[in-house]
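Dropping a structure here in structure tokens format, bear with me for questions.
So that you can tell them apart, the chains are marked A, B, C and D in the order they are listed, and the count of residues begins at 1 in each.
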Amino acid sequence: MLNRIPILSRVSEGFSNAGNHYAIRNFRNALGKMLDSRMTMVYASFLVFVLLLGLVGPWIAPYDATDRIRGEDGELLRGEPPSLDHPLGTTEVGYDVFSRMLIGARPTAISGLLGGTIIITIGSLVGITAGYVGGRTENVLMRMTDLVYGVPLIPTAIVLIAFFGVGFIQSILVIAFVLWRGSARVLRSQVLQIKEREFILASKATGTSTPRIIMKHIFPNVATMAVMFFAIGVGYTIIIQAGLSFLGVVDPFVPSWGVMMRNAYASGQVGNYWWWSIPPGLMIAFTVVSTFMFGRSYERISGGGDDEGAMVQAG
Amino acid sequence: MSEQPILELDDVTIQYRTAGGMLTAVSDASFTIGKGEYFGLVGESGCGKSTIAKTLIGALDDNGQISSGEIRYKGEPIQDYTEKQFNQELRWKEISMIPQGSMNNLDPIEKISNQAIEIAQVHTDMTRAEALERFEELFEVVGIQKSRIHDYPHQFSGGMEQRAIIALALFLNPSLIIADEPTTALDVIMQDQVFKYLDEIREEGGASMVLITHDISLVFESCDDIAIMHSGQIAETGDIETIYDDSRHPYAFMLKGAFPDHRYPDRELEIIDGYPPENMGEVNYCTFVDRCPYAVDECREMAPELEQWEGTESDHLVACFRSEDAYEEHQRSMPESDSESTEVHGDD
Amino acid sequence: MSKVRYYVLRTLQTVFMLWLAATLLFILFRSMPGDFTDRMLFAGADPAAVEAFREDWGLNDPLYVQYYRYITNLAVGNAGVSLEYRVPVIQYIRMRLFNSFILIAPGITFAYLLGSLYGLLAGMKRGSIIEKYGIIPIIFLGAFPSFVTAIFLIVIFASWLGWFPTGGLITADTRRLFADAPWWRRYLTGDFLWHAALPFTAVVCRYLFLPSLIMRTSVFEVQGQGFIFYNRITGLPAVNRLRHIAKHASLPVITLYPVSMTRAIGGLVLIEIVFNWPGIGAALVDGVLARDYPVVQFVFFLIAAFIIIANYAVDIIYGIIDPRIAVEGE
Amino acid sequence: MTENEPVLKLENLQKYFTDESLKDRILGRDVSPVRAVDEVTIDLYENESIGVIGESGCGKTTLLRTLMGLYKPTGGEMYYNGEPTSEFSKAEWQKYRRNVQIIFQDPFNSLDPKFTVRDTLKEPLQVHGLDNHEERMHRVLEEVQLNPPEQYIDRYPKQLSGGEKQRVSIARALILEPEVILADEPVSMLDVSTQASILTLLSNLMEEKGLSMFYISHDLSTVSYICDEINVMYLGRVVERSPTKKVLREPKHPYSQALIDAIPVPDPHYNRERTKIEGAALDPVDLGEGCRFRDRCPERMDICDIKPRFVDVDGESIASCHLYYDHESADPAADIDERRLASGSTTSGVEATGKAGDN
């Protein structure tokens, strides 16, 4: 199955060449098994597709995000339904929806990857440190996490962004600096379980240093969870970033799918111009579904059980 | 013993469907348990003893099945009973069980008394008050204050919870109790306390028991008859004195020798090399063959059947082609086979 | 720790958290760049008038005076006056809070009932079709951003099919009809239900996946426990066994219910905006855009307070429904 | 047994746990500590093996972790080759950790599931900067009879049986060529047939390598195959210390008696009486002074509310029980200095050396 898709087979070869480092070994095994499932292949392909669009979308788009399309008579094509020339029609101000769709993949990919990365970085730093070090450090870190749990994400983001007037990247940061809480909590409890296992004690008793234990024993054993939380973090950042764009509190000049939906809605013609609102809506939803499902099947395969609770915790 | 036996197993084979094919957990097992008899079923982990326990109460895992053979309870074949038949005719009124893992058999968010009442109301016409009264009585039998029936399980220590489970097993006066490793999680003093109550039940007569355990000493102390299992096959069965004094299956006498006896700390422990095989498909060989120092080609070609050991009048059955020679060879290899003589030598 | 002591401590802790939230909000809002007066100036107001306004509102007082006034007023339920509407914030917020509540409470409750049932069904039979594939549509629903769901609902059911209105609480006619009736009367009309149908559906869609997923996972977990096997061998019929499982598995769902409920107050801003529903979330967005600090600050405080109180309620409820943690407390 | 310095020496070792939260501190509440290990004195000499037995919750695990240097003792001292560990520098600890190794009970948890046997064995070598990895790993695998090593070295724990995992654990402990092995019920989770082979392996390795062993278990029958001397522990205290055979034959402390009487005997002809002990051990909080076994003790007397001294009973066994000394005459000669006794001179006629350290 792996070899049917050239890029994936190359990725997997790359992993084989990366040597026999245990972490890579484990990840490679899981990835190989995952791609054997047809459904997972669909999700994976969709994600790869969105990433590719994010890379090349603006170049292959037939029109610019701000090109106003005029008909042969020079009139602006306002709210044209889909046609061969404009597969997804045009907007009320005459933008080509299809082009904007292609262009909008990049902000989505950026928000997902950036958000997911920050979330899992903070989450695992806080979670693993709290879980492993324990004592006062743990107390402080976990109280901090509790406090962040008390933060209502969307209202906070609205207020901060509106008052401090921040832009696209900052909106992602605001989201990520709140959403790490779920992974921190779950990873901590995982670490608490793992650190009591005897192989950790044995390693400690041999004189292995704490950083080494964390890197070599703790992290590989929670890595599955971390990947799952990364996937969920990606999904949630995309959802919420799109939501904030939709509310109009984020820089409206970044042509994301969320902004498209906002414009469609704000036109007051959302029912008439369905080709304007439904495609970006579906793209957002499918991207998020794919990340969730991908994360889920990764966790399933690598034996973490299927703890959809993670999805809940992350929210 | 002309009475109708409580339980008879006749060439019972139990298999599990697994990704790799049919896994044979129990192969052609036969034994008989008489009324009021305590029967010990001994073997190492994975030998199929717990599978037998679950089968007897109709709670085999979903992927498991009785492939052949007959199980008779009071003469009635029950191997094809449905879940419903088990519920209506056998479970708890006739056959009860003390399952493995004492600590979580009771619903942690339900008072123990309520769980007892639920069982009573499902199976009998007892009123709440009658059920409580009966349960209180049993709590006293197993040495717990009767006021504690209204506690939640987490308020009990491990030993107490296990005794509550015994009380529940006796609750509806069953004819047969299956005890699956009833004391594995307990400390030795606790274990002894639990067995004290099991002894008392035995003295009062009535219920028969299948005691399933890996610890042969518990069986030697508490049972009348014993069957020793290895990887799905019953190697040897008979009454405990016979098996202790005169076991003939290599696994049986080696297992016996592997058990430490604190009275003779200097006795060399028997080592049984290797591990039990995973039996896929039909088992037409002796499952002990790879670990057996006395094995011959024949042992690989067909499965030995349980046969009456000559020279004994009691039901002493052995499933070994080499039961005669192996024992002799074993005796020869162990000059100090008379364990008594090794008692408390110097520690040189 | 004794039970009473635990509850007392937990209560004190909650009060402390409320104070902390109020204080953090005060600090946050005082450090905001720009305030309402900037907007007045921007709108071309006379600087002298603005200065008089600042004096009137105590905006020139030292911070600690402002803080003291703020906390003491908040403690007696006075959240100040809306700068935009010139009415007491409480009065302005009251109806909007109710509007949010009347949308959220039934929506979340229904989602939880349906979701738990679905999760129970999906979790009961491992390896069945519903267990394997039934969860996928649920995850799909959960992955749809709420505003996307809401817009799709409008496009399909309001624009194309025309079954429901695109937004609003009630029609102008109904408003007029019940202008003199008590405030709650208008909520008892078919018109209201007709308007509420789509937002309600959107709320259910948004929250269905939480209880479904938790219930399903929780049913799996419970089924691995010893007492499930014990219940089977003691011959309890399927109904009784299901009752035990459901009771256990619903513990985490019950815990999450109040939390979801309060989180929804802030989280459903998007649905309120799409359906033009005059709720508290919409009030927040309006207030932010108008730099109406007292309103925003109070709405924010309410949302935070609800979350704090919900967490408190969860601990108390848990202490009651789960005997295992009744004594140990935390 | 050599007469020089013990390798490991515990002197009145204490480890208390105070589960005091911030709230308790604010409310000024006194939280009584859990006295998990209370004044334990044990000496371990070269090529000697000492057993510590007791039921779950008696403090053996805490004792073990203190010995591993994972817990800092609350009181008392632990000496390694005569040096007090409380004054150890980082480098000295590292040396200690190299020379004192552990084997755990649970083969399923004692190996990292993400590590192959090679990874597991390599780690201690890397940590202590040793070379010849391959050669050492092969040699140690052969020593624990995982033959041929090539067949095992690249396996994950899930590809090993319980007994094989335990052998890998032993290999990990041996690869640094330690002086002392701490064994935490290394056979209790194994099948009896495997148990015997691991016990035999351990005792052969001790013999060949001149190792010392500290063997902790709840199971007297297996301890008796390995240990020369047994310490019986109850709720944090050692209540009896005797040579293995002595304690099996003639336990002195009522708790040791109960423990030994409760062991099932694999012999249907032997008629053993069931235990007379009721109830379970208390939580080790608020134990008061006095003998900790007094509430379950069949021999309970009034004086048991006073802490019993550690006395030499008959020249071989030492017990901490009021039954074994005459309180009237308060003969100082019967009062034993624990340190002297623990140093292996279990001969009779011990002279009085003053008051015992813990009284």
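In this section, a contact is a pair of C-beta atoms (placed from the backbone, for glycine too) under 8 Å apart; a residue touches a chain by one contact, two chains touch by 3 or more.
Since the model is a prediction, treat every value here as computed from it, not as a measurement.
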Path length in steps (a step moves to a chain that is touched) from chain A to chain B: 2
Of A-D and B-D, whichever chain pair has more C-beta contact pairs: B-D
Approximate Å spacing (C-alpha centroids) for the pair chain A, chain D: 51
Chain centre separation (chain C, chain D; CA means) in Å: 56
Distance between chain centroids, defined by C-alpha means - chain B, chain D (Å): 33
Chain A and chain C, separation of their C-alpha mean positions in angstrom: 25
Chain contact graph, described as a line, ring, star, complete graph or other shape: ring
Chain pairs in mutual contact under the definition given at the outset: A-C, A-D, B-C, B-D
Partner chain A, residues of chain C touching it in the complex: 17, 21, 28, 32-34, 135-136, 139-140, 142-148, 151-152, 154-155, 158-160, 166, 209-210, 213-214, 216-217, 256, 263, 265-267, 269-270, 273-274, 281, 284-285, 288-289, 296, 299-300, 303-304, 307-308, 311
Contact set on chain C toward chain B in their complex: 225-227, 229-237, 240, 244, 247-248, 251, 321-324
Complex interface listing, chain D residues touching chain A: 22, 65, 68-70, 93-94, 97-98, 100-102, 104-106, 109-116, 119-120, 123-124, 127-128, 169, 172, 176
Chain D residues touching chain B - in the complex, by the definition given at the top: 55-56, 161, 163, 191-197, 199-200, 218-222, 224-225, 228, 243-245, 248-249, 258-270, 272, 274-275, 277-278, 280
Of all residues in chain B, those that touch chain D in their complex: 44-45, 143, 157-160, 187-193, 195-196, 199, 214-218, 220-221, 240-241, 244, 254-256, 258-263, 265, 269-273, 275, 291, 344, 347
